[in-house]
Amino acid sequence: MINKCINPKTVEEALDILESNGKDVKLIAGGTDLVIDLRNNKIDKNILMNISKLKELRFITIDENEITIGSGTKFIEIIENQHIKEKIVGLWKACKSVGSPQIRNMGTIGGNICNGSMAADSVPPLLALDATALIIGKNKTRSVPLRELYLDKGKVDIADDEILYAIKFHRLREKESISFEKLGLRKALAIARISCSIYINLENNSIKDIKIATGALGKYPQRENHIEKRLVNKKVDEIILKDIAEEMSKHVSKRLKGRSSRSFKSIAIKGIFAEAYKSAIKGANDESHKSHNK
Amino acid sequence: MKPLNIVGSRVIRVDGKAKVKGEAIYPQDIYLDGMLYGKTIRSTKVHAMIEVDTKKAETVEGVVKILTYKDVTGENHHGVVFKDHEVFCSKKVRRIGDPIAFVIANSERVAKKAAEMIEIKYKELPAVFNPIDAMKEDSIKIHGDSNIIYHYKCRKGNVNEGFEKSHVIVEREYKTSMVEHAFLQPEAGVSYIDEEGKICVCASTQYPHFDQIEVAEALGLKLENVKIMNPAVGGAFGGREDITLQIHLALATMVTKKPVKVVYTREESFHAHSKRHPIIMKYKTGADKNGKLLSMEVNLIGDTGSYASWAINVMRKAGIHATGPYEIPNVKIDSYAVYTNNPFCGAMRGFGATQTPIGSEQQMDIIANELGIDPIQIRLINGFKVGSETSNGQVLSESVPLKRCIEEVKNRMFKE
Amino acid sequence: MNHISLTINKKMYSIDVEEDVRLIDLLRDQLFLTGTKEGCGEGECGACTVIMDGRVVNSCLVMAFQAEGSNITTIEGMSDKDELHPIQKAFLDKGAVQCGFCTPGMVLSAKSLLDKNENPTREEIREGISGNLCRCTGYNKIVDAIELASKEIREEKKE
Amino acid sequence: MKKRGKGIAATFYGTGYGNGFPDVSKAVAEVDHDGNVNIYVCATEVGQGAKTIIIQMVAEILGLGMNDIHLISEDTSQTLDTGTAAASRQTYNTGNAVKKAVEVLKSKLLEKAKEHLKLPSLLGLEVKDKVIYLKTFPKKRVCFKDLIEEKISVEETFTAQTVQMDEETGQGAPYWPYTFSCYGVEVEVDTETGIIEVIKGVCAQDVGRAINPELIEGQIDGGFSMGLGYGIMEKLNCKDGEIKNNKFSKYLIPTALDMPELEKIIVEDPESSAPFGAKGIGEPVILPAAPAILNAIYDAIGVRFYEIPVTPDKVLSEINREI
């Protein structure tokens, strides 16, 4: 039962409270999932601390090499960022596919990550971008690759006295792109049944680097290293997409053994993966096209 | 006839202005002085004998009264056709969601807390969920000594002769699912005693005068001592025909002499009202080589769940409409309504006639396909017109513009 | 108990709220602004939509204490007395209202959409109201209404 | 691959309680001593437009504006039983009761006016905006208020006609009137994900006569949307009698993005027993949507589905079985 609510004015104040009382505190950002849990008595802490108003957590900075997004940044703010819309297309599409306008106006990227949901929309593109999570506590900071942040279903590697501060990934250059595809059961307000995001870096028409991440196909969103290995350093023209998709399907089928969704997801991933792959390749080539024109 | 001025024109709806301004009052929008709050305790088991202990819950500060079947002053029952629902289950529950008790407290918070402290001992009974199993003689019974509530029979001409003459016979089985009305406004209501001493219930309902009878009977009051008021209703689609909270509220006010309010959550709403019958439909249709329908045999099994609600009327309507809007000289239809321990099914938009076209209209396309006839053509060949006779032998004497409807769609969508 | 200050429909409020109170509970149960409806309690139906600091949110998913310092518009703040907002008028003219329970939320989503995009396509309108469920109208007449309102508002601005 | 297909479905629907059960609506129409017109019926407004339709009929008969009529319809202590707001029966049944009552009221008013104006006949008397006047000599006029000392109240009842069916053969006349519909739809099926998108609909709906085309179109849109959900989305997932998806995040109904644009065609063929010829349409409008979608899916991918809803998992499993 929550018996105390706190609106800290600064991150520092929030960290002080966490340091002294962390194990009793539940952080609330956008609240789009947490408020439901609160109503259903699923939260066993008794202090609720609101971090959605902390301006220090709400930012998007783009420097020469890196993009950093504050954890309190709302999906709508990411969607409205012109650079992300044009260059980090997969992340943009993922944020745009979250729930509904109302949810995107409240929900934050940090909340999406910390919730640990298998179907979190923004996480596969961040994984494919090999993003790093910046975590802070009173007098401490650390960075963890996002792919190592997930410990189990609904559980992330952030301690009671810490806050996810921001998420960071490198800027995309020429011949690099990121895509995102999602399968939901309706066109809005849809939880991902499957999502797939692919980062690709082309060089001389071969795949110099590729990172594939999927959502809703396991305990939490994850990288698909097996498939990445099959594709890296391959000539684009020599890749038989159908075969790769088939392999992906086999992996998924193995992973979902015993689940009722197995037969559907293991077939549907083929189409979703192929779409994501094609649009990543297209994106990487489009970028070069653009810079040629300049 | 005189030219019409207002009839036929796009007059703005009279309740519209209040609705766009957010001023329309739905029952949950009513707040009265000194109002108490109610919370319904419902069965969590599908089929069980129950014992209810409210003592611990009664000690919660702020609890005014906890109602159970013992507090029902009139008949402990209601139902649109059969009185097979209990206001509060006395000995037995037949589905998940059956109301067992009703906490009345001075706040919603307290009511909720006390509700969790009511102790219900369940002695579980075997249950049946598949209507085909439930039809068998040796099935466990939900009410009385048979689970088959109703059997509609239609016999016209001779179906066997019709099939013998048929060039093509298509036989298929179809299934529809149980669905929810999903009206946007969850059930809510407020009750109070007016200056004349009448028990008044404000609730969203489709039929206030029927609710009045049900409430009066359950409370043991004269009809004129009960008043039902129907403020704005947030959609219904058949889901507000059976009683949900009306009797609970009226009883709560009668016992406490105070205004009482209850608002269901969406989750409770799913459990509180009826559903659309899922129907298993076996179709056998025969036609000559020109596509003229000659014979049809249909078997419909509707799962009405744990209470009858409108089962008889729904499965009757399903049977009557099973042919689709087509002339067929030989028809045999059997339509059954069957009890199971599933959520109870009743009225929902289309009332049996929504389910059957899933079968009958696909049969038409399959036959057309087998005969190499255009799907539109086969409908025009067989479609009802003025003078047509239905499977019930009813003559359609006027206003039968089916073919015009088909032509309109053809001209707008299927013109090559 | 928390003490919060916020602005609702241009009026300042300073009010005590319990820890478990959501914004929708504050609006309805404490301030009797009952035009904001609760249809699902989980941010799916959008009947509880209000505009908070310029953007639509589900008031069932915001804890009241989180609204500290916020500026909120509810359906009651859409029109002055008898003068309807062009969106409300268009909803009437185009038959976009049936049972009315989703209507306040729809109107606010429409307002938020048109505030940012004064000439949306029909697809953009659908997108703009995609967080508001309606079981009666099949949405088409709501889209018609918002399209009409957009036109009216643009013409009003020209004048 | 995305494949498109078109499908059609035609349906009929008998309105009212049916099967010989007394289907009764009662209405009271009155003009009070201030000249106000009050209508007492308990036809519930559930969003379908019952209030508007009833007032339109009254306004038409009495030559009044919509705002001149006071409808009392929300309280059992002030109204008589008008039956349920279901079975698509309010326009036909309660409409008939109201029309009867208001027509009797009108003839009483005309009779009074004839006396008041000292005319030898009722011929040529018109009613408009609460004034009764002689068409050929409009100065001969009297307003309701001056005509009425004590309120005039008329109660009328309408009972529909049906015949109970024989229990063994089903022969009888179970409903009246019947309403007819035909919808055509176009769908696009993604054969890789199993997702079905309904991209267009053409809806032709028989109405007898349209009392209010705007409301009818709204019913068609709403019925189509509910039918779309029925065909490809909605299912209560009941496991051992327990509803597993008892919330809107788990029980999916169509959003604005899932609904196609519809071309709506109102087909009029007045029914002589109906008020102004108008038949009920609230339920008929849902019937052809789902079967037309199923037929369109077959047209698109050559697979027939015998169980609804046709969700993406079913589509994929059927497509892959075919191979």
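By written order: A, B, C and D. Residues from 1 in each chain.
One rule holds in what follows: a contact is a pair of C-beta atoms (placed from the backbone, for glycine too) under 8 Å apart; a residue touches a chain by one contact, two chains touch by 3 or more.
Values in this document were obtained by computation on a predicted structure and should not be read as measured data.
Chemist: If you average the Cα atoms of each chain, whose average lands nearest the overall Cα average?
Modeler: The most central chain here turns out to be B.
Chemist: If you tally contacting C-beta pairs, which comes out ahead, B-C or B-D? Let me know.
Modeler: Of the two interfaces, B-D and B-C, more C-beta pairs touch across B-D.
Chemist: For subunit B versus subunit D, what separation do you get between their C-alpha means, in angstrom?
Modeler: 18
Chemist: I'd like to verify one number: the distance from the centre of subunit A to the centre of subunit B, where each centre is the average of its C-alpha atoms, in whole angstrom.
Modeler: Result: the chain centres lie 44 Å from each other.
Chemist: Distance-wise, how many Å sit between the C-alpha centres of subunit B and subunit C, to the nearest whole number?
Modeler: 32
Chemist: What's the distance between the Cα centroids of subunit A and subunit D, rounded to whole Å?
Modeler: Those two chain centres are 48 Å apart.
Chemist: What positions in subunit A touch 2 or more of the other chains?
Modeler: As it turns out, subunit A has residues touching two or more other chains at 187-189.
Chemist: Hey, what residues on subunit D touch two or more of the other chains?
Modeler: 46-47, 49, 214-215, 223, 226, 247-249, 253-257
Chemist: Among the residues of subunit C, which ones contact at least 2 other chains?
Modeler: Correct list: 20, 39-42, 44-45, 95, 98-100, 127, 130, 132-136.
Chemist: Taking the top-of-page definition of touch, could you list the pairs of chains it picks out?
Modeler: A-C, A-D, B-C, B-D, C-D
Chemist: Show me the residue ranges of subunit D that touch subunit A in the complex, using the header's touch definition.
Modeler: These residues of subunit D touch subunit A: 190, 192-195, 233, 249, 252, 254-258, 311-313, 316-317, 320.
Chemist: So in the complex, which bits of subunit B are touching subunit D?
Modeler: 4-15, 46-47, 95-96, 127, 129, 152-156, 172-180, 182, 198, 205-210, 212, 224, 226-238, 240-241, 266-267, 270-271, 275, 313, 316-317, 319-321, 324-325, 333, 340-343, 347, 349-351, 353-354, 357-358, 360-362, 365-366, 375-376, 379, 383-384, 391-394, 396, 398-402, 404-406, 408-410, 412-414
Chemist: Would you pull the subunit D residues touching subunit B in the complex into a rising list?
Modeler: Residues 6-14, 17-19, 42, 44-47, 49, 51-52, 55-57, 59-60, 63, 66, 71, 73-77, 81-87, 163, 165, 167-175, 177-178, 180-184, 186, 200, 202-206, 208-215, 223, 226-227, 229-230, 234-236, 238, 240-243, 246-248, 251, 253, 263, 265, 267-272, 274, 276-277, 279, 282-283, 286-288, 290-292, 294-295, 298, 304, 306-309 of subunit D touch subunit B in their complex.
Chemist: Would you tell me which residues of subunit A are touching subunit D in their complex?
Modeler: Subunit A residues touching subunit D: 183, 185-191, 193, 261, 263-264, 267-268, 270-272, 274-275.
Chemist: Residues of subunit D touching subunit C in their complex?
Modeler: Those residues of subunit D that touch subunit C are 46-49, 214-215, 217-218, 220-226, 247-249, 253-257, 259, 261-262.
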